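What follows is a group of structures, each given as structure tokens.
Two complexes, one shared chain (chain A), two partners (chain B, chain C).
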Partner chain A sequence: MHDLAPLTALGTKAPQQEKIGLVTLAEAPDWALASVTARLGQEAACAAALAQTLGAGAPGVARYHGGPVLGAFWIAPHSWMVQAPYSAKPDLAAHLRGQLGPCASVTEQSSAWARCDVTGPAPLVAEMFARLCNLDMPQLPSGHARRTVIDHLGCYLLRGDGGAVSVYGPRSGAQSLWHALELAARSIV
Partner chain B sequence: MIIPHPLLGPCDAQEFTYLGDASLIARPDGMAEGAADAFHDYLYLRDNPAGLHRELWYHEQGDRSWLVVTRNTLTHEIVKAELARDVARAEGRGR
Partner chain C sequence: MRLQHGGQIDRGQKISFRFDGQYYKGHPGDTLASALLANDVRLMGRSFKYHRPRGVLAAGSEEPNALVELRTGGRQEPNTRATMVELFDGLQAMPQNAWPSLRFDALAINDRLSNFLTAGFYYKTFMWPAVFWEKLYEPIIRRAAGLGSITTRPDPDSYDKGYLHCDLLVIGAGPAGLMAALTAGRAGARVILADEDFRMGGRLNADRQTIADMAGADWAAQAVAELAQMPHVRLMPRCTVFGAFDHGIYGAVERVSDHLATPPEGKPRQTLWRIYSKRALVCAGAIERPIAFANNDRPGIMLAGALRAYANRWAVSPAQDVAIFTNNDTGHRSAADLMALGVHVAAVIDTRPDAPPLAGTEVLAGAQVTDSAGRLGLRAVTVRLGNGQSRKLSVGALGVSGGWNPNLGLTCHQRGRPLWDEGIAAFIPGATLAPGMAVAGAAMGQFSTHAALATGAEGARAALADLGHNTPAPDLPRAEDAPTRITPFWHVAGTKRAWLDFQNDVTIKDVKLAHQEGFEAVEHLKRYTTLGMATDQGKTANLGGLAVMAELTGQSIAQTGTTMFRPPYTPVALGALAGRSSGRDFRPTRLTPSHHWAREQSAVFVEAGLWLRAQYFPRAGESHWRESVDREVLATRASVGVCDVTTLGKVDVQGRDAAEFLNRIYCNGMAKLAVGRVRYGLMLREDGIVFDDGTAARLAEDHFVVTTTTANAVPVFRHMEFARQCLWPDLDVQLISTTEAWAQFALAGPKSRAVLERLVDGGFDLSNAGFPFMACAEVSICNGCRARLFRISFSGELAYELAVPARYGDALIRKIMEVGADYDITPYGTEALGVMRIEKGHAAGGELNGTTTARNLGLGRMVSTAKDSIGAVLSRREGLAAPDGLELVGLRPVNPQSQIPAGAHLLAQGAALVAANDLGHVTASCYSPNLGSYIALGFVKNGAARMGETLRAASPLTGVDLEVQITSPHFYDPEGERLRA
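Showing the complex of A and B:
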């Protein structure tokens, strides 16, 4: 039996956290992800099945549903990313496949992405992201989800309440993403 | 340049990649009579208008949709942006 120690995307045993001025960056490794895409001609059935699984409507264009356990955000027409805490749904993709049946293609995405949660006063966080990406944060409502580019990395950005923003970036570029976030947070102190 | 995405609203052109003339949607039937000639025209013959031009853009760093964007090649003004899926279906190409 192998005795392997799990590492986070940033290569440490415990998730990193850093407070820069009033903004806090926190690596959030405990998230399972799976993408759900409707099969051709099954769009309505897939949206209905996903809504039933989530216990809320399938998120509309650029929307994010937090959910108590299962959450989801819109990534493309008839396509969503579903997220859940690892501890609650370690086999998220298999769970969704069972729930959704043949109307959807479900792809395991957990190990492709690394998540970082940014919190702080809303105007400061908005200024920070103005330096990082094209999105106009003060214009985006809470519960908005968009893919955007941060330092050449394609990232998903979820806008929570107030100054809470979660960023999913490619796991292979987690350190570059962390560096970009850190640098932007420092530049507004 | 700002592209008015039909679903997501105004998006920076930096998020997109450009493919070319929207007539690329009209791919000929490879099994039909005279397919070689049809493919020659499809592949090599393009209009090069000074004015309105319909072209395919891919929203790579966004929702990954293909758009048909109508752009004025003289002024870079973007007149219209549609989902390529809708355009293809309207032309009877969708399944």
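Showing the complex of A and C:
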């Protein structure tokens, strides 16, 4: 292990958590991310290789697959973001390069995104996100993944089961994003 | 006065409020208007122009008269309609446009001068001299003709914004809206039912008619209760749908906390909703219109339907003795309801010779109200009977009904054109509605309760059928189905001053003047007289004005047409439009990885776009920013400095054709860049102007990392993505931004290598030969942390940029400071960065300003002629290659201690300070502690040939005028020996 200790995107050593009414916001820094994009003409091979790596089909448009270790969500045509617990895959990009070979371009994204997990009763969480982004939350099925804008910040939103939603926002704007989530959670208490 | 019985108010509770300095009591369920009437307050304000006493006219959002300044301090809100203010304990309101008091208003003198203050008065009078416009005329006019005053204090409340989605948006919760919502809700559709009132039910709350053998208000409450149980139905009282926009999107403002003294902690005052509807049904009802007669604006003269609403819903009457003036049957309904509640109706004055009789009062058929009396409130009306005789009625209130106008606003927001319906003498929505929109109930001219219920249900069924759902027809509850009986009557002939637009004080005489002066078209009429241009948008006024104009021109009202309705339907607070984006939350803030550490060092931060960057790091004893900056510059050049450069854009470029792609993006060659090397690159726009500069580092044959300026990180990425997808989709290139992923620090100064050696793990050759200027590598630092190292220099010193995953950025800056301590490593901010780049003559934002070419920057030879690239051809345009074109130069003041203002213009010595003599301008300026002189960069015509010339630098803005000498822009280490050391 090297000498540099990580700091969470919110600027603390331990992730922050806050319960506002029945909604809980939890900073989730321990995720490794890497983007995977098929090389030109290698789209099918890349999807197949990714499927093999994930142990499931490469997610389709606006879909998210959460595996035991590796998960992935669709971000653009022939392009995915792969995620894994940081402790399991600290150098996820290198791991994926090895797995996928020359059919894909893989880019390290681990520290680019700040993740916040929101949990609570599904109707409340839907009310909260109605104040944050232009997504029809009650209609989004579990496993849905979308790029959206929250508080002027481009974010990825992953819909889990029930009232679980994970938001990936740009790391540098993490404090603003967290503040926006807090405000929205408070306004529905 | 408060009636003995009835009303949807809680008589068991009393709440206290204050109006015009006086304390009053009301009940929960009251509006400010109803509570004032209950306390016998008829005088509520003064009119806009003539300062005439005014009382409440309506009972809803169409109110033109009863405008108040609500609340105090930072929450003071002008032009608030007393009819829409839900009474709360402690409410404070003040009347508007009255000085020194509401009862005695000095500016009521305007009323005596009305012969002069006609339409177009301002345009005709305040023409000269021009110098008086701003200083004299405008303040006087604003003082005399204001509409309330705004607070200068900050708004203490917060506002919210949000997005809602539904199958069917039902706008208005009267009988049509409720029936539509019930029909769609019972069928399982996702329904939003929005109503501007705090109590849903619309006219059902204001009338005494029954539905399904129960009071209309009770049926409404029952319907609302049923809808509230449906999880897919969202009930939104206190929510005004104010605009119909593209693609089925509707704007709405929900008054979340306006019925409370202050919003609860964490709650917004109002929420602006953007509602995405698959279908929308406008059930916005109809608005009653007045009849114009002489002095028809006294407090106590109201719309008959409003009089009825106050009596039925709030158990209030403005007076014990009232009369009704009508041209249709609903006036009779108002009289009957009032009588049922114990109010004495002196007579129903019906303009129709064949007016039906009404039990309990006298109906004066074929009669007209010709005048009114009462200084601050109505005392009597004069009636001209059908036989020509005159009669005076002593009444404290007069209910006027000139018929009902379907509420067209939302139906016209997408250029819907209304149609004239002779049967009801009103405009109804035309066929050109917004896609997905339909209309039901009174809003489409169906005025009976049965028709409202039926069209509401049918509208919902049709909307759902459109969406592919077959919905059974509901059993409609039994309700009245009286026909509309009206004989159009717009104004009493021969009157001098009869008001059409109460809020903007527009009279029949003004319309006649507009006609006389040629402003006959409705849009001209509107603007010339200001008819319908007040905050109520002429909801009660427009048709009266059009009818008068139609008479004057001899055309029908249908031929005359109507003005265009535009959003918002009712005024929207600017705070609601801003939502959460105000104050510090106006936009998000981006923090650098070293931000928390820098804050510990007492850094002063500067905004760079959304980023907060350390500007300089003041130390104890430094009292001026220049002291800190000079120290940082000198320390960096003497030993080593460190600066967070994470904000520079980073784009990961991969693919078989990555090098070819960059070769086309940059004007200089990139194809042959060796792996492990970095190259400075210049990007041009299509028009040949410089777009951005940065570096491209080749990490592998098929892998580059491109850097951009901080400001252009997003535009450059967008530009590259456009080129990849649209210009050259045949290239195998993949792009993704990695700006956020890596924390990047510049280590600059002669000791930077020594510091770096303590960070980079063993086995990596950092020597000049092993890792020369413009080298790059993926390395390991601090015992195994993966990192990227670039030997590039913006400062002109031996320098490196070291990048680690952003989560380790904070730890890395602390580590750098720790291992560099014995070299006196100095953190430096953007100011020192700027000084060093000016000393070195590197272009930055001031020079890459969107107007300059590579040639201007002295980089003309970088535009390769051996290949094609974006902008290369147009950069060779004749005009851009003129021999006297601007060229980047250095500037030194003849007196080294004279500051050269950035933006100063450069002229020949002795030349007059006129644009024709302009030779160029200063783009960046600083004090160079290394040279002991102020220095600057600038563009000068044919600058390279003017080395050594002395010019005049003049800044009319700052008043500075000094002599400067043209030098090379490379003030410091022009040969570049230090950065290659």
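Note that the second predicted complex is superposed on the first by the 184 of 189 C-alpha atoms of A that agree within 3 Å, B and C clash if a C-alpha of one lies under 4 Å from a C-alpha of the other, contacts with A are read in each partner's own complex, and residues count from 1 in each chain.
In this text, a residue touches a chain if its C-beta (ideal position, glycine included) is under 8 Å from a C-beta of that chain, and two chains touch if they have at least 3 such contacts.
Since this is a predicted model, take the numbers as computed values, not measurements.
Enquirer: For A:Leu54 in the superposed arrangement: first (chain B), second (chain C), both or neither?
Expert: Once the two structures are laid over each other on A, A:Leu54 reaches no partner at all.
Enquirer: Counting touched residues of chain A, say whether chain B or chain C comes out ahead.
Expert: C
Enquirer: Scan A:Leu157 for contacts with chain B and chain C and give back first, second, both or neither.
Expert: neither
Enquirer: After superposition on the shared chain, which partner residues are touched by A:Leu183: those of chain B (first), chain C (second), both, or neither?
Expert: A:Leu183 sits against chain C, while chain B stays out of touch.
Enquirer: I'd like to know which partner A:Leu40 touches here: chain B for first, chain C for second, both or neither.
Expert: both
Enquirer: Is A:Val125 touching anything from chain B or chain C once the two structures are fitted on A? First, second, both or neither.
Expert: In the superposed model, A:Val125 contacts neither chain B nor chain C.
Enquirer: Identify the partner contact of A:Asn134: answer first if only chain B is touched, second if only chain C is, both if each is, neither if none is.
Expert: both
Enquirer: Kindly classify A:Ala84 by the partners it touches after superposition: chain B alone (first), chain C alone (second), both, or neither?
Expert: neither
Enquirer: Contact-wise, after the overlay, does A:Leu25 reach chain B, chain C, both or neither (first, second, both, neither)?
Expert: It touches nothing on chain B or chain C.
Enquirer: Between chain B (first) and chain C (second), which, if any, makes contact with A:Glu108: first, second, both or neither?
Expert: Only chain C; A:Glu108 stays clear of chain B.
Enquirer: Where on chain A do the contacts with chain B and the contacts with chain C coincide?
Expert: Residues 40, 134 of chain A touch both chain B and chain C.
Enquirer: Tell me, which parts of chain A touch chain C in their complex?
Expert: Touch list, chain A to chain C: 1-9, 11, 29, 35, 37, 39-41, 79, 91, 105, 107-113, 130-136, 139, 151-153, 170-177, 179-180, 183-184, 186-187, 189.
Enquirer: Which part of chain B faces chain A closely enough to touch in the complex?
Expert: Interface residues on chain B, with respect to chain A: 7-8, 11-12, 14-15, 60-65, 83, 85, 95.
Enquirer: Please give the residue numbers of chain A that touch chain B in the complex, ascending.
Expert: 40, 61-62, 74-77, 134, 146-149, 154
Enquirer: List the residues on chain C that touch chain A in their complex, please.
Expert: Listed in rising order, the residues of chain C that touch chain A are 158, 160-165, 265-268, 271, 274, 276, 580-581, 585, 587-593, 595-596, 610-611, 646, 652, 654-657, 703, 730-734, 736-743, 781-786, 804-812, 815.
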